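This structure is in structure tokens; I'll ask about it shortly.
The chains carry the letters A, B, C and D, assigned in the order they are written, with residues numbered from 1 in each.
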Amino acid sequence: MFYTLIVGALKNLIGSDVKSSSSALLSLVSKNLSDVSENEVNRCIELILSRRDRKIFIMGAGRSGLVGRAFALRLLHLGYEVHVLGETLTPSLSKDDLVIAISGSGSTRLVITAVEAAKHVGATIIGITSYPDSSLGKLADFILQVKGRVIPTTEANGRDYFARQILGLHEPLAPLGTLFEDTCMILLDAMIPILMNKLNLSEVDLGRRHANIE
Amino acid sequence: MFYTLIVGALKNLIGSDVKSSSSALLSLVSKNLSDVSENEVNRCIELILSRRDRKIFIMGAGRSGLVGRAFALRLLHLGYEVHVLGETLTPSLSKDDLVIAISGSGSTRLVITAVEAAKHVGATIIGITSYPDSSLGKLADFILQVKGRVIPTTEANGRDYFARQILGLHEPLAPLGTLFEDTCMILLDAMIPILMNKLNLSEVDLGRRHANIE
Amino acid sequence: MFYTLIVGALKNLIGSDVKSSSSALLSLVSKNLSDVSENEVNRCIELILSRRDRKIFIMGAGRSGLVGRAFALRLLHLGYEVHVLGETLTPSLSKDDLVIAISGSGSTRLVITAVEAAKHVGATIIGITSYPDSSLGKLADFILQVKGRVIPTTEANGRDYFARQILGLHEPLAPLGTLFEDTCMILLDAMIPILMNKLNLSEVDLGRRHANIE
Amino acid sequence: MFYTLIVGALKNLIGSDVKSSSSALLSLVSKNLSDVSENEVNRCIELILSRRDRKIFIMGAGRSGLVGRAFALRLLHLGYEVHVLGETLTPSLSKDDLVIAISGSGSTRLVITAVEAAKHVGATIIGITSYPDSSLGKLADFILQVKGRVIPTTEANGRDYFARQILGLHEPLAPLGTLFEDTCMILLDAMIPILMNKLNLSEVDLGRRHANIE
């Protein structure tokens, strides 16, 4: 309902110029962020904090995978042992490791299959998705709902990510297709200063570290 | 000056909660977007439109490279022949091809070296950077200035991206370290509906295409 | 039968030194190469030659994917438009495009799913596998049988590649685990001079091209 | 001298068929393997064994990078913490970590820059190269010489890998261009059973591990 209204409003802006298009996009991201549950995001931070000495494995495909990689880089910089699905090296997981799986639809098969394997060995799963009732939502131990993914009824869900690309079946391009990823990008980046704070890392610490090396 | 004020304000918010942290981040992204030159962004869109039948090569390292990849995926979906620096397959470029190089500092050596090679064969270079006076700024035929990257004076600029990672020399983690990438992400995503419009692509077209396949 | 004998012989050599280990490996590769069908490999070359102006898409997971990438680089250098499964950018395929799928077991799910999608749009499939009766063997329009993959009965075949990595289920490490990939590497590299010859490309041509640039 | 003779002999075989081409390639690989120093390869194995609890970082560009990745996968399967240059996540290194840098010419700038950074923090460097007098050879603490790379005098050495690709400056395609990588592939794979043996890992152990999971 909300989206139908926004899409209508947004369509009017599109084609005029990038400024209007980007501020329309920002408003939607802002609305999505305000819909994120405080509890869910706090639990997510606690889980990350509790895995200081364990592996964190970020899973996602396509643009969600790229947003996941951007977050993974930050976790690496915070001192975590972090891995990403789809890189050359995929580690084996075990109990007590943490998986953060990102899929707007919650049904990207590449991600679901990897999550199932991780669950099989007892890893804890955080599912970041627009659909708590999706396969990912059901597999996840904890859900971080981020709105934004609209799934066209014509799309064959549950298809493998690469298969969809080969078939030319892309998620809606714009304006709403990117909303999930953009919201995740901002939300995950906003977690970093909180994590730094809780881990007692400061820019000063990092500066001192640099000094040692130079 | 602006940043000093904002950093001060932002520091107060950090550590409280993700909601405040994310809305502070959004405000900064919004401020940065309003500073983007209308002319620069329009020229960028015209250049992309004019390369409908040529190669577009996206260059970036680290998180800027990930944002570039997210944009490259969209260009691919719009029907472009697009390539990305750092993938297994790096094509040779020639005159009339377009390079979009993303580097906040404008001095990431990996990117600069690739841009120099592209310039050597006559490709047109768009440089997306916070620093028009940087190496990238000077090499670029067109600049799209996006504020957000703050370069600590202690950081050895011009170092190779991978070398800095190996040395543990990361850009500031938060809050400002991510600002350049987040602004680029929103800005580039906001270009997509404009490009769709100008290319006369609609969601209906894409839907029709799906129907053919299914 | 052959393998049982060879494994026995090889086990005796292992642990002594790398020289014996590498010449034992070379003998096995050599034996495997002599088992490759002349007809199958020639048809493969003809198919590649016939796709001079079409896309070639190389598919493989893990080490087979790496061998496929090494071949893809060569095809790119020969002037082909070539793509690789698992990179950021996955193009849509269509009729007349060529897929070269590499899977020793012929049952790597990631590859099978992508092959199915490619077949759906009418692309021609070459399957390089040790098992003509596998899923890949059945999907492929043309098979290039390369021996070397031994599948332990305890291994859950048909599992997704990434899932197996997460579970710690690796193919046999040595000596036979690498035989398929090593044989493929040599075989595919040996196709390059033949392709160069048929395409009338010479080192001299390439030299001339360099001269233009420099 | 040897190569000139071989090239002459090989040229006659090329264009006839893949069988002759592949056995000619195998002979060259075999000759190269016999030229590898027993001492150098043993020291390499000892260094890997001594880094059981440290990071191993594999560096290479292009096809050498792919061969390095194939070896990295095996080290991962043997239980090592291993990283690869060019993946999303580049860890910081420190004293006592081990770098294995693979560059036929010994002058690939991307690799050299990363090696310099690693050396700066005190990591031990193994350089696998055809040229002990190259930049890599001089930076390396230990050299593992593998012949096979022939550097055309017209090639601008020391150029960045990506820059060369963009300029269309490839190493000789065939037959000798691939010799270094193919020899490295066999040599590194031949080290795996030796490492397994020294680490007291057996296929039975791996089988038992599987049983635990299933």
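The working rule: a residue touches a chain if its C-beta (ideal position, glycine included) is under 8 Å from a C-beta of that chain, and two chains touch if they have at least 3 such contacts.
From a predicted model like this one, the values you see are computed outputs, not experimental measurements.
Residue numbering shows that subunit B and subunit C use the same positions for more than half of their mutual interface. Looking at which of A-D and A-B shares more C-beta pairs in contact, the answer is the pair A-B. Mean C-alpha position of subunit A lies 20 Å from that of subunit B.
Chain geometry summary: the mean Cα position of subunit A and that of subunit D are 35 Å apart. The set of subunit C residues touching two or more other chains comprises 66, 69, 73, 88, 91, 120-121, 167-168, 213. Taken together, the touching pairs cover every possible pairing of the chains.
Contact residues of subunit C toward subunit A in the complex are 57, 66, 85-86, 88, 90-93, 109-110, 113-114, 116-118, 120-121, 159-160, 162-168.
The touching residues of subunit C, counted against subunit B in their complex, run 69, 72-73, 76, 82-84, 87-89, 91, 120-121, 213.
Those residues of subunit D whose C-beta lies close enough to touch subunit C in the complex are 14-15, 17-19, 21-26, 29-30, 33-34, 36, 38, 41-42, 45, 62-63, 66-67, 69-70, 73-74, 77-78, 152, 154-156, 167-170, 172-175, 178, 181-182, 185-187, 189-194, 196-197, 201, 203, 206-207, 209-211, 213-214.
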